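For reference, chains read A, B, C and D in written order, and residue numbers begin at 1 within each chain.
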Amino acid sequence: MAPVVGIVANPVSARDIRRVVANATSLQIADRANILLRVLAALHACGVRDVLMMPENGGIRAHVERGLMRARGSGASRGEDIYPALHTVSMPVTGTVADTHRATAEMRRAGVSALVVLGGDGTHRAVAAECGTVPIAGISTGTNNAFPEHREPTITGLATGLAVTGRVPPHIAFAANKRIDVSLVSGANGGAVTEMALVDVALVTERYIGARALWRTENFRELYVTFADPEVIGMSAIAGLLEPVDRDESGGLMVRLSPDGTCRKGITTLNAPIAPGMMARVGVTDWRRMPAGVAFVPEVTAGSVALDGERELSFTERDRLSLTLRDDAFRTVNVAAVMRHAGQNRLLTGTPVPVTSAF
Amino acid sequence: MSRKISMKQAINEALDLEMRRDPTVIVMGEDIVGGTGAQGEDDAWGGVLGVTKGLYAKHGDRLMDTPLSESAYIGAAVGAAACGLRPVAELMFLDFMGVCFDQIFNQAAKFRYMFGGKAETPVVIRGMVGAGFRAAAQHSQMLTPLFTHIPGLKVVCPSNAYDAKGLLIQSIRDNDPVIFCEHKNLYGLECEVPAESYAIPFGEANVLRDGDDVTIVSYGLTVHRAMEAAAALAKDGTEAEVIDLRTLSPIDWDTIVESVERTGRLVVVDEAHPRCNLATDIAAFVGQNAFGALKAGIQMVTAPHTPVPFAPSLEDLYVPSADSIASAVKRTLSPKGASPRIAA
Amino acid sequence: MLNERIKPIVMPKWGLSMSEGKVTGWLKRPGSTISIGDELLEVETDKITNVVEAGETGVLRRVLGEPGTVYPVKALIAVLAEPDVPDDDIDAFINSYAVPASEDDGEAEAGPQYHTAETPAGTIRYAKRGESGPTVLLVHGFGGDLDNWLFTIDALAEKATVYALDLPGHGQSNKQIADPSLSGLSKAVLGFLDTVGVERAHFVGHSMGGAVSMRTALDAPGRVASLSLIASAGLGEQIDHGYIQGFVGATSRRDLKPVLETLFADRGLVSRQMIDDLLKYKRLDGVDEALRALSASLFAEGRQASVLASGIADARTPTLVVWGEEDRVIPADHAQALANTAQVAVIPGAGHMVQMEAAGKVNALLKDHIAKAD
Amino acid sequence: MAQNPFPLGKDELLKAYRTMRTIREFEERLHVDFAKGDIPGFVHLYAGEEACATGIMMHLNDNDRIASTHRGHGHCIAKGVDVHAMMAEIYGRSTGACRGKGGSMHIADLSKGMMGANGILGAGAPLICGAALAAKVRGDRGVGITFVGDGASNQGTFLESLNLAAVWNLPVVFVVENNGYAESTAMEWAVSCDSYVDRATGFGMPGVTVDGTDFFAVYEAAGEIIRRARDGGGPALLECNMVRFYGHFEGDAQTYRAKGELEAIRASRDCLTILSERVIEAGVIGRDELQAIDREVNALIEDATRAAKAAPLPTPDDLLRDVYVAY
């Protein structure tokens, strides 16, 4: 069966309050569509002929379709298609994260070989929740993006195309990723909620969700990260600047912050880029490794849980909260490895063999 | 102290004096400072024809250049007025009202009535009107009747520097929205103007010349044409009374009617198009309220029902001339003037 | 060619802004014998119509000014001469007469026609005429200005140094009146005299200006050489309240014209220009407040607040009282309040603005009084 | 009582709830009375959108100005306009906020900083630039908020105002109340730019999108934006995604909506339910306390309606009055 690539492009990522409080990037819809066109061109160049896309009302698909139409109409393609055929998952659009969940699940069922994801950490988290073993190729559009690597999307498209057409061995093409599972059992009714984070879980004492994004540190108490990269932005930078942990090593890091957030004696004070353009001084009480498979019960007894930078859950003294890091939780396309392999083996020197569409 | 200055200087002086007197007066418009954000001189233009030149040096940021965005800044002037400032917004050419008329007639003009008398909108919108500047159809119109049609607006059109200064000061102090129409061909005209501040009350026509034979009513540039016509007629023994309306809303009906009751003859001169303009308005009012005094049919001298042409030869035909006014007066004096007649 | 026995009658210059005048009609026929003060002709300017009176004696040998025609100031309009002067000489005189260059040109070089003085009461505008003789100060009335002395100032300046000022709140002086009472105005006048370096002057006051002059004579007798009170306030309680209210309240020509007409016996003297000038004055910032403050202080409820007649009667200041018999603002019988101590002249056919309506007579009285008192 | 985890004190939370409930009750009552034919003209109801007006207005004082839309009742109530005066105005009575001469679409109370509902879509944006300019000239730290629907966001006035506010760095917040429909036309079709944040970005100012049915989301985002504007940080745009419970105007059968759409949004996106459940669950406010407010609000609206119906009509003299300040 010819490989089909799924695309989840979130039109509403990168619209939150951090644009006001921290001059965060705002990637326009037209630019998101242009990114997809570049990815599509790269996929086509590798022989991918069919793409399945999440429907949305934010305008991305409309722009992409216009781009495809113009390419067909212009002389640039000399009558040849330069893009794969674009198909859309048949499903209603709600404009919420539920769309991402459902589209991912549908694409997995349809047997896509990889999922190109355009969005921030939040979008990637939603995809990761439903993608099973389908590898993710992430492209950053969001604000606080620690998970997707920053890279020209054409390269991500090329790597994905090479990976799914089988020209790079899977052990090179795909990488394993960690996640933290968050379990919240309600003390009131015993109901349980399970959520997950790809990069970080932050516990704050304020118990309301509000504008979701997390950008204040005064109520910040505990931080759990899957990896601690000093090169990324966001709350996980705090961990990265204390003790780097790679994406590909087992386990993560947990950090406790001083209750009043200030710098008292005996407390390490750290200056960290907690959001784009926002440096904050935080007091760190202690930090330690977070081994995989071990459930952590936080010290904070009431507050909110921010997953990958956004407040999602709130909990009280009556509720039971626990956090467990999982190694090898889902797969991603290892763009760097694929491209190195492509170069070393001169994969792009010949004409790729077209593969007939199954659609 | 009184000295001869031009209407342009008089307007500049009125803005200067009012800005000095009242810190809530601000002045905004396209290029009224000129060169904002550019590398050259501050106050590069002082208005497209230099009316506001020099004010920036005296009042700094209270003079504000605007983007070329009439809807936004005229609306902002209206909003600021409703919030306690006294903005004077220059619309450059009043023809441009086409792109911001909503802010003038649906917002500024209606606030007071629509909000039950609880709002005041002391905004002045000043701009150039009138033909004779070789500026063609979109920069030359006398659109005063469009404004006088709207209840809630006051409409002013001075004919000389003295009136321009006093009426602009009154416009700024007035608590209603005022459309201040400046005839661009009068900018250079000089007359005696006191250096002090003074306000000319609205609704008071100026009788420029006494006469018992015929009443000529006009405003703006054509007031001067009417005076020329009256001087020519006087040589033939016809004494025309010339009334300069000065303000079109409110309008001084009493002065017009009292004069017509004495002269029995009326010629109304309006640079606007002939349909539904000040001339028809005044003719109708006099017809309704002083019919018994009329010894002859009312004559109207207006621009033709055409856009303003560009070619100087045509534009000169467009604006009512002293000759056409004198001819109209003669028609009221001829026996046939008493009955309407369609010209052959 | 100059024959001193030939006396030209020229278009007069009334006030500083007059440049031409229209002969409206002759009151004496050619050949009439003329005495000083005889009314020769009527001249109309854009400000006012008035009679030209003879300043010399002789026979009206030639009448040159055509009725209905406008002549520049100083244009020759008639010739007076004794009967024995030959016609040829008169014709030669007429042929060689040249209108002198307009005074404006000369004055433009010599300096402004009006001056301003920075006084304790603010900026005061004034005019100064004449270089020698006694010092005279002309003080106008309520709502007036120094141009009320249009026909007076040059006549007096022939034999005196004459100052005419705009009181605070008036004309082109400072419009704020710190103290809108007679003594407040009197202090302002004295402050003005201090500024221009005048210790003592003959005060000529019209209407409210008369009351100001009396107040000054009572408070600072050393500075008032004599008083000439023309249709003066301060000699009785009565005053036409309608006039005061009308003057203060008028904002239009239509309102103001009938008010101004009460100032003159001959209503026709109120010209379009006079009304326009007063409207322009009344529109100036601060004027309305000034006039209201003064009228409230001096003429509240239609009565004069200060009657100074008895004080002046007791003082030793030489006093002249002049009234127009047809004064409709302040009744002419107020003149009798000083009948026992002052020279009193009531002039028939003139109203409140008697110094304008009967300028020749009033000027003669003033000259005589000042000469005697000095 | 549990510790209050919210960024507002209990009194403020109760106030917010009372405001939202008052708006809802006011609109529900109008819905009923309009159907009975008691109300002249036409009315546009704010029901369903209460969290937006309330979340924003909680940050404002009387010195801050707002310019509203044709759907302005909620903005009025949240800005503190008297409910009795509003109801009387809608009934065209002389006791109305505008003495019966403005009606539903022109309710204003300048003393409360409410510069008027507006029958001209997009017209409020330039006006609020002026209000903000006045605040800036006076230096009184006032801000101006203009509300615009997703439909009117296409008006030139709105787009020009974004530019002017950015150029003059005015303390203005442009609030796009995106309820998905411009009258009956879908926002997705009518707005070429797809995202209001993109529009704001194009004019050089930040834009933020929040869930407009979540009072706390609106409150927090608006708080940051308003604080920034007050501090001289310049204009910003806030898009509130929300739902309209009734039609464009009363009498609109809403045949353009998908089947089940209204039922779904009423069930899942009722901002009042979301707020009350959140505060009750947190243990900060008891259900009985909210019910007590409900009863008071109910009585208030009942009284306002009764008073409005009984109030005198404007007199014939009022026809000619108040065109000018001075004639």
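In this text, a contact is a pair of C-beta atoms (placed from the backbone, for glycine too) under 8 Å apart; a residue touches a chain by one contact, two chains touch by 3 or more.
What you see is a predicted model, and the numbers here were worked out from it, not measured in a lab.
Trainee: Tell me, which chains sit next to both subunit A and subunit C?
Mentor: Correct list: empty, since no chain touches both.
Trainee: Just how many steps, at minimum, does a route from subunit A to subunit D need if it may pass only between touching chains?
Mentor: 1
Trainee: When I count C-beta pairs in contact, which pair ends up with more: B-C or B-D?
Mentor: Higher contact count goes to B-D.
Trainee: Determine the chain that sits nearest the middle of the structure, using the mean of its CA atoms as its centre.
Mentor: Going by the distance between chain centres and the overall C-alpha centre, it is B.
Trainee: Distance between subunit B and subunit D based on Cα centroids, please, to the nearest Å.
Mentor: 40
Trainee: From the C-alpha centre of subunit A to that of subunit B, how far is it in Å?
Mentor: 65
Trainee: Would you kindly tell me how far, in whole Å, the mean C-alpha position of subunit D lies from that of subunit C?
Mentor: 70
Trainee: So what shape is it, when you link every pair of chains that touch: line, ring, star, complete or other?
Mentor: Shape = line; chains linked end to end, path left open.
Trainee: Going by the touch definition at the top, which pairs of chains touch each other?
Mentor: Touch list across chains, by label: A-D, B-C, B-D.
Trainee: For the complex, give me every residue of subunit B touching subunit D.
Mentor: Where subunit B meets subunit D, its residues are 24, 26, 62, 64, 66-67, 69, 71-85, 87, 102-103, 106-107, 111-120, 151-152, 154, 174-176, 203, 250.
Trainee: Which residues, counting only subunit B, touch subunit C once they are in their complex?
Mentor: Its residues touching subunit C are 1-2, 21, 162, 166, 194, 196-201, 204, 206-207, 210, 254-255, 258.
Trainee: Give every residue of subunit D touching subunit B within the complex, in rising order.
Mentor: Result: residues 65, 67, 96-102, 106, 108-110, 115-116, 118-120, 123, 125-131, 133-135, 137-138, 144, 156-157, 160-161, 163-164, 167-168, 321-327 of subunit D touch subunit B.
Trainee: Enumerate the contact residues on subunit A facing subunit D in the complex.
Mentor: On the subunit A side, the touching residues are 11-12, 14-17, 19-21, 23, 26, 28-30, 57-60, 62-63, 95, 205-212, 302-304, 314, 316.
Trainee: Going by the contact rule set out above, which residues of subunit D touch subunit A in the complex?
Mentor: 2-3, 5-7, 188, 193-195, 197-198, 200-202, 206-210, 214, 216-217, 219-221, 224-225, 228, 236, 239, 241, 278, 282-283
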